[in-house]
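First chain A sits with chain B, and in the next complex the same chain sits with chain C.
For the complex of A and B:
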């Protein structure tokens, strides 16, 4: 949304994506989240003198795969550099990163926005680096604690071009990038646990201005929603400053998600003087074309290609296709459920898609669950959709069955049988119910016959009520009309 | 190219080196001499020379992605100046 039509917003994003290797980037310690403090560290993690980093082969493979997935150029020669700064959670006093020769350059991805054509966002570069440890301040008197478990976690820093123009663009970029790393299975994309972190560079300029405005860097954004809110807040703040004759200063700002505001991180002016130089402990990294080709051959179907297939082959809407390819767990769930529906002889991908994106995701969101911990399995959801398609139960009853499945487990056939929910399609029993209803409501029957045909809905409702929703509504309609003649 | 005393003080501060005024003077001279040598190198024609990023002519060795390490908490905490409840204990960082 343009906040002030005279200004254009310019956004670039830096994403730090923790890779799902088994071991750390430069040593053989385990790479996992949530262990007790300092239980996955060695002398390399703790920055002891004399130790040397040894590159994890899988880290490089994951970086190349990610680069290929965003149409990037893989550098045949890339170099690690030292980024020098002092902080207790980085025992070496420097971070091993890449500077002028990163492994991937010139990539791109395409973002999906509602009611707009796909938009291209450039990816300037992807480089490999190590994560730092964690400092703990709260509740500790007169000191801070340091946990080095995270030191050496392999990171990809993915830097976009300043191609985004509003917070919606930024949200769509993050969703697409997260889907890609999840499809590649290189990162779990969990923003709250910090395995997928985003910093946003935001500036504004008057429309038509050639130069970018002064930018602020926003940090501490631990969800896509917070990224978008922080950007909107920042755009307002910068326009207000300019409109009141003040200047935007280049600074880092921390987002406070509880108060919905950002505040300046007072930092010393030389904080960004990192004095990069080539890492003496690591020789240059060379990559053969054969290695790139081999990795390219292992790439899975990626979200954009899969969403296109869902539209072309199954007739899904662009929106549903986008939702169902947001992560691999989601697309796998949908394809498994849809397979069950097809096997029941009632191909209807649209109905399956509606059940997954509507009823299932709605309930999962409400319960705060992810698709891979859904109490209703893909097989059972598929069976449920098949029961509707074959006319055994109505859509309305299916919602009841779904609630049972979600709350108490079980497969739909058993629930339908046990609770006696099977749709009544037997015309004699429907006729009997219809006759009873007509007898009980002579006034309405008279009104109908007198020309007030909209009363039919009321009578259908009464029959459905009498059969506890089990009668086939189309048949009830037909029989009623017949009898009312 | 030469270097002045302010630059030396700035770099020393970034590197957390506490140097005396005398040292500032001698470092300024020495660093200026080193940069003078760099200027000499810059005067050479290097158009057809690949930039070198490492002094040793070798390629990056790599290891397989397997866990072989990590269970050294007590050993490493014992080497630290101070520790508490499984953590390294450092002077309060946040203002």
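For the complex of A and C:
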């Protein structure tokens, strides 16, 4: 959303994605979240004298897969470097990262926006690095605590080109990237827990200007919503500065999600000189083409390809296909439900898609739940859609059944049977109800016969009311028309 | 019982132990007594592990009694104090690690211990292996057993002095720029730096990771072969260790010198070489010819760049390797730090000695933004050229022969105020590290004041066998290596 039409926003994102390897990157400690402080560490994690890092090949494979998934070039030779800085939660005094020779370069991904489908965002590079520990300052007086459990967690840093032009672009990019890492099963993509973290570089320039404006780096963005809010805030702030004749300074700013503002953390002058140099404890990483080919062969169907298939083979809209491929759990849910519908002999992927994106997601959102914790299983939602497709219940009744399923559990057939919600398709009982309605509404019958045919809807409604929604609406229509001559 | 078994070679002691003509426990006690009487004069050991040594000796004797001994079973050795030894103080001769007891064992010492070697204690060294004279140790200078007013060389000065004074049968040292070979030459012993990656660096406290290499320091080349046989080999815990089979060094030890081409690099005989050393090396060259080797003049034109290249790369790595000594998790911590910066500043200011600080400063500078290309990157390129020079020479010859040091041991304190003069004492050893090659220093004579002189044999990558057999052939024909200082 352009905040001031005279300015163009330029955004580049750096995403840190924690990889779901079994063990840490340079030692055998388990790579898991949520243990008691300093229980998942060894002497390598704690930076003891004389210990050495040993590369986890599982991480390399995950990095290559991620690179392939974004059409990146995999470097056959990449180099680890040390990034030197002092901080208590970095026990060695340096972070092992990749600097001038990262494992992946020149990638891209495509985002879908209502007015700009398939917009290309370049991915400059993906490099492997190691996470630091955590310093804990809150609630402690006169000291800080350090938890080294996270030290050694493998990270991919995924750096985009400055190709995004508004916060919506950034949001869509993050969603797409998150979907990719989730589809690959290399990262759980959880922004709140910090396993998928984003820093945003934001600048503004007058439309038509060639040079980028001075950028600010925004940190502490723990949800896609916060990324977007922080960008909008930053764009406003920078335009205000320029408009009032001041200059934007290069700095790092921290987002405060409670106050919806950012504040300066450090300026360019305070920036560290990281003194990068090649890590002498690790030889350069060489990758064979055969390894790349083998990994390429194991890549799962990725969101873009799957969305295309949903459109081509199932006739879904681009929007629905996009929503249903936002994450692996979503697409799996949809495909499982759709399978049940198909097995009932009533193929209708569109109907299934509508139920997932409409009723189900609407209710999940309201309850603050994710798809993988949905109280309604994919099987049961599929059965529900199948009941509509086979004409056993109407769409309206189905919504009632869905509410039951969501609130109290249970499978739709049982609920329909127990509550007597089965659609009436017996023509004699429908005819009886129709006759009763016609008898009770002679004026309307008169009007219809006089040419006011739209009154039919009123009469259908009365029949449905009388059958508490259970009558098959199509049959009611036919019988009514028959009787009205 | 022999009168003084401490002066025997490791090979001889091994034979006596296996034949049960001597027990490891007796041997260890004899060495411990000698250490007790002599170490106060020489200061070769920082820590002596009497109880641990006696227990290990008893275990070794049991093994030997059961006829399950290996070459090193029951052999008393010293370990440079930068190899982490589980449960035994490991200081790196620094105040900052004055209280560090490692909870893990270095790969080298664990292999030696598994073979039955008995660790008598931890030997003195220059602080963090930074020095050429063993004067930078927090635990005091080591004295040259041949002349107590002189330095033993460094950084493995304690290890060299301990072997020279027979305060152990053999030691292990480390060589980053000459730290095994230079003190070996100055104390009249055999010191062998293997190919970079031949011996695991796991558990070896790092100075400059791309240069550091552990090796044996012994009385003879044969003893070095026995030690290296156990020390060498791939280690999954060190990503830079070479995954190649370890040949049987003893099997090729008697290969002799006949028909082997030995290059004489002109640059190692140019200015700066003392007259006595030059004369002695000339004699040694003749000896090699007599033994059937063919001497070939070669040139290593990049030799002059050794010192500046090394003093950019090694400190750069050191400045980063030593960042972990911050007073947070182990080692020395300053009193009453006011905040995290104060903790860092004072811990490091108080914990490190001046040579270590000088190198941290140097290394930090050469890696700084704006200076990296001019220093670090250029030095990396020169390093490549230096390696290429050796490669070209080894296309023509099998080995290179050169003096190990330009002069014999200097007086204590003579160069402490002049770091550049100090650095120049490694001028003949440093390039070997930059090229990652194996090289041995063996005794080849004495100067006019009866100070030992060493010669260096440099080989192709992984040609430890070729070096050992050449050195052994020379030692079979000479007796320089049998000379001991009078204590």
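Rule of thumb we're sticking to: the second predicted complex is superposed on the first by the 442 of 485 C-alpha atoms of A that agree within 3 Å, B and C clash if a C-alpha of one lies under 4 Å from a C-alpha of the other, contacts with A are read in each partner's own complex, and residues count from 1 in each chain.
Everything that follows uses one rule, which is that a residue touches a chain if its C-beta (ideal position, glycine included) is under 8 Å from a C-beta of that chain, and two chains touch if they have at least 3 such contacts.
Fair warning: this is a prediction, and the values are worked out from it, not measured in the lab.
Trainee: Go through the superposed model and pick first if A:369 touches only chain B, second if only chain C, both, or neither.
Mentor: neither
Trainee: Quick one: is A:344 in contact with chain B, with chain C, with both, or with neither? Answer first, second, both or neither.
Mentor: It touches nothing on chain B or chain C.
Trainee: In the overlay, answer first, second, both or neither for which of chain B and chain C A:144 touches.
Mentor: Both partners, chain B and chain C.
Trainee: For A:54, using the defined touch cut-off, is the partner it touches chain B, chain C, both, or neither? Pick first, second, both or neither.
Mentor: After superposition on chain A, A:54 lies in contact with both partners, chain B and chain C.
Trainee: Is A:292 contacted by the first partner chain B, the second partner chain C, both or neither?
Mentor: In the superposition, A:292 contacts neither chain B nor chain C.
Trainee: A:40 in the overlay: touching chain B, chain C, both, or neither? Say first, second, both or neither.
Mentor: The first partner, chain B, only.
Trainee: Using the superposition on chain A as set up above, list the residues of chain A that contact both chain B and chain C.
Mentor: 43, 46, 48, 54-55, 84, 86, 88, 144, 146, 273, 275, 280, 282-283
Trainee: Show me the residue ranges of chain B that touch chain A in the complex, using the header's touch definition.
Mentor: By the definition above, chain B touches chain A via 10-11, 13-16, 53-56, 58-73, 76-77, 79, 82, 84-94.
Trainee: Write out the stretch or stretches of chain A touching chain C in their complex.
Mentor: Listed in rising order, the residues are 43, 46-55, 82, 84, 86, 88, 91-94, 144, 146, 273, 275-277, 280-283.
Trainee: Can you tell me which positions in chain A touch chain B when the two form their complex?
Mentor: Going by the criterion above, the answer is residues 21-23, 27-30, 36-43, 46, 48, 54-60, 79, 84, 86-88, 101, 135-137, 140, 142-148, 270, 273, 275, 278, 280, 282-286.
Trainee: What part of chain C is in contact with chain A in the complex they form?
Mentor: These residues of chain C touch chain A: 82-84, 90, 92, 97, 100, 102-104, 106, 201-206, 208-210, 236-240, 316-317, 319-320, 323-326, 328-330, 340, 344, 364, 367-369, 372, 376.
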